[in-house]
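Shared between the two complexes below is chain A, which pairs with chain B and chain C, respectively.
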Partner chain A sequence: MAILIIFVCIKQVPGITEVRIDPKTNTLIREGIPSIMNPMDKNGVELALEIKEKHGGEIIALSMGPPQAEEVLREALAMGANKAYLLTDRVFAGADTLATSHTLALSIKKIIKESNEKKYIVICGTQAIDGDTAQVGPELAEELGIPQITYVQKFEMSGDKIKVERVFRTEEVVIIEANLPALISVLKEINTPKHPTMAGIVDAYDKKEVIHLDAKAVNADKSKIGLTGSQTEVWKIFVPERKGEHIKLSGTIEEISNELCQKLKEDKIF
Partner chain B sequence: MNFKLTPKQEMIRKITRDFAEEYIAPIAEESDQNSQLDPRVMEEMKRMGYFGSCIPQNYDGAGLDTISFSIVTEEIGRIDASWSITTGVHASVCAYPIYAFGTDDQKQEFLPPLARGDHLGAFVLTEANAGSDAAGVETNAYLDGDEWVLNGSKIFATNGGLCKTLLCVTKTGQKGRRPELTIFIIDTDTPGYSVGVREDKLGVRASNTSELVFQDVRIPKENVLGGVGQGFRLGMQILEYGRIQMAAQTVGLGQAALEASLKYANERVQFGKPIGQFQGVQWMIADMGVEVECARLLTYKASWLCDNGLDYGLVGSMAKLKATEAAMKATHDAVQIHGAYGLMKAYAVERYFRDAKMAEIYEGTSEIQRMVIAQTLLRRGWQF
Partner chain C sequence: MSIRIDDEICTGCGSCVASCPYGGIEIINDKASITENCNLCGACVEACTVEAIILEREEFKIEKMDISQYKGVWVIAEHYKGKIHDVAFQLLGKGRELADKRKANLTLLILGADFDNQLEKISQYGQDEIIYVKSKILKDYYSDLYVKILAELIQEHKPEIVLIGATPTGRDFAPRVSKRLHAGLTADCTGLKIDEETGNLLQTRPTFGGHIMATIRTPNSRPQMATVRPGIFKIPEQVKKKVKTTMINYDFKEKDTVTKIVKIIAREKSRINLEEAEIIVAGGRGVGSKENFKIIRDLAEVLNAEVGGSRVAVELNWIEHDQQVGQTGKTVSPRLYIACGISGAIQHIVGMQGANLIVAINKDENAPIFKIAHYGIVGDLHKVIPELIKQIKRVRAEETI
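Right, the complex of A and B next:
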């Protein structure tokens, strides 16, 4: 019988919501900031655990990053993932979302091929708290040539079919069905991740391993990975300058809207 | 020589810190005031394996090394000493001794529910006329067929009112001038066992401290731990092991006092600048930092000695003494730095101060630690 492979993609991110930038060098200040598992990816791991508990299968956690990104994969293993792969190689560095998803796709294809399993699902967090692009999930689905459903807040699975609630616009939910294999990107509303147990942490270090894959291991075409494979380039990172004043309006809704219209007229906005 | 924790130990610290801050911190003051351990915290601690930290996984424990166990106790103690003493006592002086000294049958029967936290454990020695002097134990047992019949009472039993499994130091005879002591594993559902007064305490108020009464409690012969007459020797070894955890939890308590003081000293402005800029406050903070770090190093060293199968008795006693006195000094100064705010229930340092005083007394007073340290040094000389 076929085993379901549940891939979870994880990014290691700085553990803050507000990015501090060195005004002189225009780079991120990373000093004294602990690295954490991207919060929505943690929801992804939790969903993978729920799927495994109900339907069986094997959870494979995946990440691309420097060797120290191993820590977030260990955390995923501690939560209950079965295996972890870290794509790490100097030539992967500087990748934009496209080059990242291409590289992740190579590793997924390799694992699928080697395991001879056709039934799989890929789970991503919708977006990472550092880049906030929400692009890697969709691009990864394209690379793999499988259906994608983004912004998922509820998930069900039966047989080879999944049925999910996708938040389309604010307060607008659509229910979508898809056949496996498929990729979903999840929102934090989908579940509440549980802390790993102490035994889980011990196992993550003593009984499980994080397998490192370099460019050669995934047969990467150098023109499609890292900085060379990137179609976009970060030109500048900056904190937006606060322009002008802001006014706080208070009172009843009617009073506030009247005052707001008045101000907008005064400022000749309409 | 390497002071760096392993990635596994770092992860254990991080996860335990996150858990304690998320689950325990918001209700710590309330638990202190109503003297109750929160059931939601209890459930989560069971799930995360904190009741079986030091028990191997084949008995449903977590299988942590001693350093990791100490880190866990430190991080829980950093938020609430009532919880760290509850799990610390349960795991280090009840579950662990059964693992270390118990027969295979005893381990199979008692360990898994203890390690899962389904049964809470306790270790009782102290009586009205015995505590620091273990030889004064009057709770006694005589053999009747295949059972021991226990009579007497214990006081100040940590986890006493809640425990299902109890290690009880009992007098089973007399050898010359010394009593012969034996440790029994007691299931508290046994007829004749009852819980007396639950104590209302200065500190660690949420933890359960109770009087226990034994009236013709019949214990099967198989429930003797480590052999009849081995109670004194085993009891001392059990307390030696437990001391590391008592040290660890007060390292956490001292750390909490230090962190609260740093935060307050940077925020509170008097005479036009943060009070941390004044030398009087700086000296207190400097001493606090040094003392807490000394305590931590001793605690980790004792844990390391234990993990490496080396004698940890002396350093363990040093750690317990240093950590509790450092916590007492640190919490005292933390209240001072907070001024009148520090006297208020709304500020955690008020609770820390009361909890620290408890730690100087329970699980071997500072005086007993000094006795152990001095006697060991006088006997062996100083060896580094």
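Right, the complex of A and C next:
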């Protein structure tokens, strides 16, 4: 009987809630900022675990990044993923979302081909907290030629059919059905990820491994990966300047209120 | 593909280090040196004052695209219950400016079912042309149909720039279209400009939770696609002009789509829509109690604003979870944000620093919120706000005379 392969795509990101700006140089202070698993990807791993528990299958965690991104894959293994693959190679660096999704697709295609399984689902976090693009999921679905449903906050599956709740806009959610294989990108509302157990952590280091794949292993065409395979490029990075001055209003409460009203009027608030 | 430093030229000034968001470059023995964190983004290349950093792309025999064939600016409309989303009109305003710079046409694309009677009204936002793809099924949003139609039309008409609202819908189909066309796409832009020298679209967007801004370009291929946050650009004044309208009929059936819409569920009406609010009055720990939050709501009422709050206010059950602004809540970009009794932890700031104008009222003059507030009031909010409400009412009353 065919088993379900549950792919979860994971990105290692800096824990930006702890990012500070150095007021003197106006740049990011990076010292001591931990690297973490992108929060919505963690929801993705949790969903994979829930799917596996109900329907069986094998969870494969995937990431592309520098060698140290192995840490987040270990974490996924500790949470309960069965296997982990890290796409790591200097030639993958500098990738925009087009090149990233291509590279991830190569590994998924390779794994599917080798396992002879046709039934699979790909789970991504809707967006990462560093880049915030939300583009890799849909681009990956396109490359794999499978349906996509993004912004998913509820998930059900029966047989080959998935039924999900997609947040469409503030006033509306849409319930959508699709057949597997399919890609979904999840929101944090979908579940609350559980911490790995002690046994899980031990297994992640002792019994499971993170398999490294380089460009050769996935048979990558160098014109489609990394910086060369990217269409967009960063031209400039800068720390946003705060608009205007920071004025402390002073005087009696009446004077302050009056001054603020005038300022708001000047700014055409009313 | 590689990055290297020319040690002969490098002065060790460190401006590259400051420009790098990844910790990918360091100064060692007075010379810049690339670390393994480098992801070849190229920010340092621009930052280097003496052109000592060289980023080389390996040249492959990729057919160079003839980008001169691409002309015109397209805006893709999104709609809801038969009404075009405002972001499309906002993009037409910006799109006009870009199209004029490129001496090209501005086109609005609508994929819908029932816009025949509205076309005249919709055509008054400065566009030269409307392409209206009509199919019954397009009353609703279908990811795959949007992708198919847009990819085909873009291939046929070859616009130079394609702008899309960065809504959950726009951010669903735009990446897939870009992948199908192998076109560069920049997400969630807050600034768009034409580079005078090259004619490239310079797309600026916040990244790293808004701590830094990145300007992205797509120099070697077309179209240049961008999604843009709603509320960033202003809706242009309406103008009457002759607009060429092309209607394309598609006979799509439900079986033509791989996904099936089972049900559309409206969420509760009372749902607070902070993301689209023009003005937000937010309260934090300093408000003091659930009862005291009334004062925040009162101020919001005179300003016709929404009420938000910090994580603390939610945890203490003073306000609802969907009113929370910040890292674990909503990211908002109103015209005016009034932070009352909010100290300004970074987790809160990342959620509201996109506000055009920030006013802070806080007892503690050292509260970090004052560092980002344009107007700071050091004082007791329970005394300041009632007076403020009084004065706003007075100013309002004067205006109506």
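What we mean here is this: the second predicted complex is superposed on the first by the 228 of 270 C-alpha atoms of A that agree within 3 Å, B and C clash if a C-alpha of one lies under 4 Å from a C-alpha of the other, contacts with A are read in each partner's own complex, and residues count from 1 in each chain.
Methods note: contacts are C-beta pairs under 8 Å (C-beta built on N, C-alpha and C of every residue); 3 or more make two chains touch, one makes a residue touch a chain.
Values in this document were obtained by computation on a predicted structure and should not be read as measured data.
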Which superposed partner A:N82 touches (first chain B, second chain C, both, neither): neither
Chain B versus chain C as contact partner of A:R74, first or second or both or neither: first
Contacts of A:A199 with chain B and chain C, given as first, second, both or neither: first
Of chain B and chain C, the chain that contacts the larger number of chain A residues: C
First (chain B), second (chain C), both or neither touched by A:Q153: neither
Which of chain B and chain C A:L260 touches, first, second, both or neither: second
Which superposed partner A:V167 touches (first chain B, second chain C, both, neither): second
Touching residues (chain side chain B, partner chain A) in the complex: 6-8, 11-12, 15, 18-19, 44, 47-50, 52-53, 57, 61-64, 68, 72
Of all residues in chain A, those that touch chain B in their complex: 71, 74-75, 78, 194-199, 201-202, 204-206
For the chain A and chain C complex, residues of the former touching the latter: 14, 16-21, 25-28, 30, 66-67, 91, 93-94, 96-98, 101, 129-139, 141-143, 147-151, 163, 166-179, 222-223, 226-228, 230-240, 242-250, 253-254, 256-258, 260-261, 263-265, 267, 269-270
Residue ranges of chain C touching chain A (in the complex, touch as defined): 1, 17-21, 23, 36-43, 46-47, 55, 57-58, 60, 62, 80, 141, 143-144, 147, 167-169, 171-176, 178-180, 182-188, 202, 206-221, 258-267, 269, 271, 273, 275-276, 279, 303, 327, 335-336, 346-347, 350, 353, 356-357, 359, 365, 370-379, 383-384, 387-388, 390-392, 394-396, 399
